[in-house]
Structures are given as C-alpha cells and as structure tokens.
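Shared between the two complexes below is chain A, which has chain B as its partner in the first and chain C in the second.
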Partner chain A sequence: MLEVAAPYFAFWSLGAAFTLGLSVAVFPAAVLLGLASALAFHSGRAAAGAASIYFAIFRGLPEILVILAAFHGVNILLRTVGTGAGVALPTIDPFLAAWLALAVQFGAYAGVIMSDWLRIQPAGLSEAGAAVGMTRSQIRRRIVIPLVLRGATASLGNLFLVLLKVSALASLIGVEELSRRTAIVSGAIRDPLLAYSIAAVLYLMISALAEIGQNLLERRSHRRGGAGA
Partner chain B sequence: MSGVLASPAFWSAIWQGALVTVSLTLLSMAAGVVLGAALAAMRLKGGPLGRTLAWSYVFVFRGVPVLILLFLFYYGLPRVPALRGTWFWDLVLVSPYRTALFVLTINNAAYIAEIFRGGFVAIPRGMIEAGRAVGMTPRQVFARIEMPLALRGSLGSLGNETVAVMKASAITSVITVNDLMGGARRVGDIWLEPLTPLLVVGFVYLLMVMGIDYAVARLRALPLMGGGMAQR
Partner chain C sequence: MSLNRSFLTLTVALGTLAAPVAAQESILIGIDAAYRPFAYVEPSGALTGFEVELAEAVCAAIEARCEISNVPWDGIFTALDSGAIDMVGTTVTKTAARMEAYDTSVTIYNVGYGFIVPEGTDVSGGMEAIEGQAIGTIVGTEAYYAFIRGMLGEEADIRGYDTIDAAVLDLDAGRIGAVMSDNFQLQDQFVSTGDYVFVAEPVFDPQWTGDGRGWIFRQGSAELVARMDAGLEQVIGDGTMDEIAMRYFGMALSSE
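Moving on to the complex of A and B:
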C-alpha cells in the first residue's frame, strides 16, 4: 500500500519542512507584535485602547478568514494603486500574504498571553530598578521584558504548536506547504485516504519535535533562575 | 464594491450561514463536552489501559490540523468500501454538514478533555477530605464536591473553547458546507468580489463572539456557578 506513495516522499518531506519554516518565520514577528501590544495595553494611554481593540478583533476572527482577506485585500490594493499610477504591479506572493496574516493574528494571541504576565508582575521589581537609578527604558529592557518573556515561555510554546497546525490553512491560498503538497500527492496517487493519513502522521511528528524543543527551552529558562516566573 | 451588498441572495446566504455556524458550534460543544468528560474520566481513573487510550486520543486529535481531518473524513473515508452501508456511513459520511460536525466534535473533545482534567486536578485535596470526614460516600463526594467545583473552574476555558470551535467551523467551508464563511464566499464568487463578503462575515463572527462572552458572563452570575474559589 505504501509503495504507491513512496516516490513522493522527498516532495512531501520538503512540504513538511516548509510548514515548519513558515511557522518559524511567523513566530518572531508574532512575539514582537505581541510584546509591543502588551506593553501598549498596560501603558494607560490611547495606545491601550488600540491594543484592546486589536486583541478583541483577532480573538474573534477565524484564521481562515484573516488569511483569505489578507491575500485578496493586498491584491486589490496593489491593483488599485497600480491602475492609479498607470503601472502593472505584480500580485502578492501567497507566502507573504500567509506570513502577514498569521503574524498579525498570532501577534494578538501572544499579546493577550504577555499582557496577563505583565499584569501579575510585582511592582517591586520595577521600583527596585528605579531605586538603583535606571531610566524607564532601561527598566523596560532589563527587567520587565526579560521577566515577561521568561514567564510566558510555556504559553508561547503552546502557541507555537497551535501555529504549526493553523498554518495548514495557508494551503488554501496556494502556499506549497505540507497540506498543499498532500492535496497534490492525493490527486497523483488517487488515494486521498492514504495521502491524508500520512499527512496526519507527518503533522504529529512535527508537533512532537516542536514539543521536545519546547521542553528543552523551558528547562533552560527555569535553570536561569526562578524569580518572577 | 456595492454589487454584492445589494444582492438579496448575499444576505440570505449570511443568515442561513449564520444558522449553520451556530448549530455546528453548539452541537459540537454539546457532544464534545460529553465525549471530553468521558475522556477526562478515563485519563484520571481509567487504569493503565484507559489512561494510555485517552492520552493517545488527545495526542492525535490535538496534533492533527482540522483541515487535514476534514479532508481525511470527507475525501478519504468514503473510498473505503467496507464502510458502505454501515451505521457510520448513514450517520456521519452521508453529508458534508454531518462530516463537519463529526470532525469538529472529535477534535474539540480532545481539548475539552484537557480542560476538565485540569479542572479536577485543581481541586484542593482538603475539599475532598472534608467531604469524606462528614461521612459522604465517594460517589457523593464526586457528585456534590468534585463535579461542581471542576465545572465551575472550567467555565471560562469552556467559553474560550466555544469561541475556538466557532472559528474552526469556518474551515468546514472547504468541504462545501454552506456555513457563514462558505455561503457568503460562494455568493461573492458569483459577483467576482472575494473581499467584501469576508469583511461582512468577519463582522458577524465578532458579534457572535460577543454573544458567547455574554452567555458565559450570565452563567457565571448563576448562584450554582458563583462562590469565590476555583475562579479563573
């Protein structure tokens, strides 16, 4: 049974690598967006309102909708701008559209996680920084942000596992990751049951790999000292 | 831009689709809570075999994307001749809607099992011992102390899970379910307007999330759900 699928394994594993690559490319952007919005959320200014609207919108929108809207929206924008300027602009690369959509959506999820950690951070830590003469930005860079990142490591690791699975939706706009390549193989061998079963196993393997990485990371961040976590 | 918005077919697709999305979400939550409770019970008190089975279930159905599960059940399983004419075929595989409901449920039960397990694990030992000390049987302790506390502690997470299921239900549009997402997109495709339906539909999803949050807040206010402890 497996020999039908065997010639496609190289093609397929590249798709799996692409799935991992897409998530790895999205994640730092999402964490940065999350950190920025979490800090804004606790700033107590107009930025706080903007951050909470950002969180509320992307908590409620399905990922599939955001990916499709980013793809079509950017293309329509490019076409309008192109027509206005009298030049033919290229359409957006599906990978870029998926990257953009996932980064913005998961940035909101990361922001909610990190603003929870900011809320429970003891004020004494920042006060200690001020007492030894640190400026506000020094306190933020040397105390607040490192402690939030360390505290949120476990939750952010779980978020990465979610991202791995949600990134399958990028296949719907033509990104050639694991799901898209599975659809191609499924058509070629005319056996969707086999193709999607193998894809399921590949996803489980990627998740297991990511989970092992997460455990190593968590153990390291615990060893660096327990305070604040 | 306004073409599709002026079309009655579009608004009727939104209305019909919203009903499909709500029914997928509610039915899959109801079935998921039952299945999830059974899985959590197996994981906690099922002995070595039950524990391993429940753990594997959670590992598999949390680890595989909903999109892959949908394709597997919609395109893959109907190719198995042995399934033809069985109850599984008649009950689940006969229509895209039922396949979607089944897939959402088995996926969401894995998450709910973990929520319930967390709810039970978080109960302080002293509560259970207090019940035993006043002479309750283990069954009474379970029914009067463990179960209510675990449910109360899980309420917030169940609300979030309902939002997650509603969002996942949008994916079922890829197997031709005419839910909020699918129905509106199909009308938009006729008008060659891919973006406008998405914006309208997005707004409706946000309204539904507000509805879910409101329902959870109302449930929290019930006397049964009140009380200081185990609130998250």
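Moving on to the complex of A and C:
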C-alpha cells in the first residue's frame, strides 16, 4: 500500500515545510499587529476605537472569507482598475494574499490576548519606571512590552497551533501547502484514505515541532524572569 | 534551498509576480491536477496527464508561450474571472449555463455512455444481452437515468448506488445485470482490468450526452479562443490528440 505513496514523499514533505513556513512567516507579523493594536486599545480615544473595530471585524469574519477576499477580491479590483486605466496590472501572488489575510486576522486574535495582559499589568511597574526617570517610550520598551510578551507566551503558542491548521485554507487559492499537496497526491495515487492518513501524521509531526519550540521559549523566559509572573 | 526554489516555481508558474510585460505574451492556463489520468503530478512535482499534454501540444502547434499552473477546481472559475488565469485547461462539460457565462472552445471530445457486464457474458447480440435485467448506476444522475430508459425502455429496472464501485460490487455478486456510466470511468477502472466488457460501443449521441467537453475562457476572449481553436483543430486533425489519449485512456476520443 505505502509503496504507491512512497515516491511522493519528497513532494509531500515540501508541502509540510510550506505549511510550517507560511505559519512561521505569518506569526511575527500577527504578533506585531496584535501588540500595536493592543497598545492602541489602551491609549487615546480615537486609536482605542480603531483597535476595537479591528478586533470586532477580524475576530468575527471566517478565515476562509478573508483569504478568498485577499486573493480573488484584490485580483478583481486590480483588474477593474487596470482595465479602467488601460494598463495591465500584475495579479497578487497567492502566497502573499494568504500571508496578508492570515497576518491581519491572527493579529486581531493576538491583539485581544495582549490587550488583556496589558489590562492586568500592575500600574506600579510603570510608575516605578517613571520614578527612576524613564521616558514613556522607555517604559514601554523595557517594562510593558517584555512583560506582556512573557505573560502571553502560552496563549500565543496556542494561537500558533491554530494558525498551523487554519493555514490549510490557503490551499483554496492554490498555495501548495500540505493540504493542497495531499489532494494532489490523492488524485495521483487514487487512494484518498491512504493520502489523508499520511497527511494527518505529517500535521501531528509539525504540531509536535511547534510545541517543542514553545516549551523552549517558555522555559527560557521563565529562567530570565526568575520566579514571579 | 529547495523550499525556496519551489516557492519560486509556484510564483512563476502562477505568472503573478513575474514581469507583467512578459506575462502579457504568455497564455496562463489553469488545470486542476488532482485527477488521474486527466491531470496529475508526478513524484517530481511536474504536471502531467492527458489535459496537460493536450494543452502543451496546442500551444506548440500555435507557437504560443503557455504557462500551465495547478489551480484547485473549487476556485478555478474565480481564478478565470479575476484574471489569475486566461483559460480553464481542465476539460469541462459545456453546459448551457456555462456557455452563456463564458466563452468556450470547440468540443475537444465527447463523453460516451455505456454499459459493462462481467467478462464472459454473451454480448454478440448487443443490448439484447441485458434487456429486462436490473441496471446499476450512480444515484441521482438524471442524464444517466434518461439514457438507460432510452436504451432499454421506460420500465427499465434502475438501481442507484452512491458510487460506481458499489454498483460494480453488486454486479460481481450477480444482483444486477449491468452497470451504466461514462465511458472513461468504465474503461479506465473496469474494462482495462480485463474482468468486464462493454455490452456495445459507448453511445455519443448529444441527445443523451450534451455538448461534450471543452476549454473555458472569460467572455470577450474571442481572439484567444480563435487561436486555441485553430491549434485544437490542428492537433485533433493530425492525430496528436489520439496519440495522447491512447497513452492515458487506452482509447481514442471522439470529437464529432
């Protein structure tokens, strides 16, 4: 049975690497967006309003819609604009569209997580910073953000695992990650059950890798931060 | 490195970030390569199959530069609408609804309908061999049911199955006399094993099978359609298509 699928392992593993690569590329952008929106949420009125609208929209929309809109929507828009202006605009790359859609969407999830950590951060820590003469941006950089990131590590790790699986939706716009490649192999070997069973194992392996990474990060941040937090 | 290269191939294959000027000159063809033997990938990742080779042959015939990319079926018409591809190279049944919304090529081949029985059955009398017997097919396929009634009479005993494999299992068990489906499926999965034979030559009458299968283009692609049609007529006329079809289906195709 397996020997039918064996020649496709290299092709397949590349799909698995692509799934991991897409998530790894998306995650820092999502965390940055989340951090920025969380800080905005706790600042002045206009920025806080904008952040809560961002949270409401992108936590509410299904990922599949955002991905399809980012790819087909943008392409239709580019085509319409291009035809109107009489020039041929290039189309958006599916990988770029998936990256953009996932980063914006997971930025909203990360934003709410970090916004909660900001809310429970004792005001005394920032006051202590001010007392030793730090400026507002120094307090942010040296106290607020490091503590938020450390506190949110576990939740963000969960978010990363969700991202790994949701990134399968990128297959719908032609990104050849693990799910799309599994469909392709299944079509080539004419044995869907075998193909998807192997895909399940590959997903578990990727998740295991991600979990090992998360454990290492957590252990490091605890060692650095000493007991508390 | 190899991941990087695959990313690059994907990008270039989809003709997206590639230089827009060059992309203007090449024809972007989308094929869902997850359907052997029509279109599938080799272990190396290269696209192959009947549809891929046919598109390549036509592009060679008209000396056009074509970029064939692997587009999931679910999004293939949206990709066409949005300009990510210029042509659906998966051979698609030319239904009335599709022909109204899109430009279509000439009919590339017709799908035939046929009946199979276990090898050893006496089929010298043609359809007489299965008259009065129960016929298995896929449940809910109006065109198939109409065809069976047309061939065997209104009172034909039709048994619907979820998949053609289930119908063939019942044929093996002797609970039905024949299985009816399209000639590709019957030939590729059953007749080619040597355990089954067609009752008669598959029927290609448009009364039953519609307008056949062809390529789909955006509306307003008259110029491109004319070029591809000319190429198609050439590869159909000079036997190139038959040669490709023999290799993938074990039979020539009818485009009459």
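In this section, the second predicted complex is superposed on the first by the 224 of 229 C-alpha atoms of A that agree within 3 Å, B and C clash if a C-alpha of one lies under 4 Å from a C-alpha of the other, contacts with A are read in each partner's own complex, and residues count from 1 in each chain.
The rule is simple: a contact is a pair of C-beta atoms (placed from the backbone, for glycine too) under 8 Å apart; a residue touches a chain by one contact, two chains touch by 3 or more.
Quantities reported herein were computed from a predicted structural model and do not represent experimental measurements.
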Could you look at A:Ala69 and tell me whether it touches chain B, chain C, both or neither (first, second, both, neither)? first
Counting only touches as set out at the top, which of chain B and chain C does A:Ser186 meet: first, second, both, neither? both
Thinking of the overlay built on chain A, is A:Ala10 touched by chain B (first), by chain C (second), by both, or by neither? second
Considering only the touch criterion stated at the top, classify A:Ser171 as touching first (chain B), second (chain C), both, or neither. both
Is A:Arg45 touching the first partner chain B, the second partner chain C, both, or neither of them? neither
Classify the contacts of A:Arg219 with the two partner chains as first (chain B alone), second (chain C alone), both, or neither. neither
Is A:Asp93 touching the first partner chain B, the second partner chain C, both, or neither of them? second
Looking at the overlay, what does A:Gly21 touch: chain B (first), chain C (second), both, or neither? second
Which positions of chain A sit in both the chain B and the chain C interface? 68, 72, 76, 171-172, 183, 186
Residue numbers of chain A touching chain C in their complex, please. 7-8, 10-11, 14, 17-18, 21, 68, 71-72, 75-76, 78-79, 88-96, 171-176, 180, 183-190
Chain A-facing residues of chain C, complex: 2-3, 6-7, 10-11, 14-18, 20, 23-24, 33-36, 40-45, 69-72, 74-75, 78-79, 81-84
The chain B residues in contact with chain A across the complex are 59-60, 63-69, 71-72, 75-77, 79-80, 163, 166-171, 173-174, 181, 185, 194-195, 198-199, 201-202, 205-206, 208-210
Per the contact definition, I'd like the list of chain A residues that touch chain B in the complex. 56-57, 59-65, 68-69, 72-73, 76, 165-166, 168-169, 171-172, 179, 182-183, 186, 191-197, 199-200, 203-204, 207-208
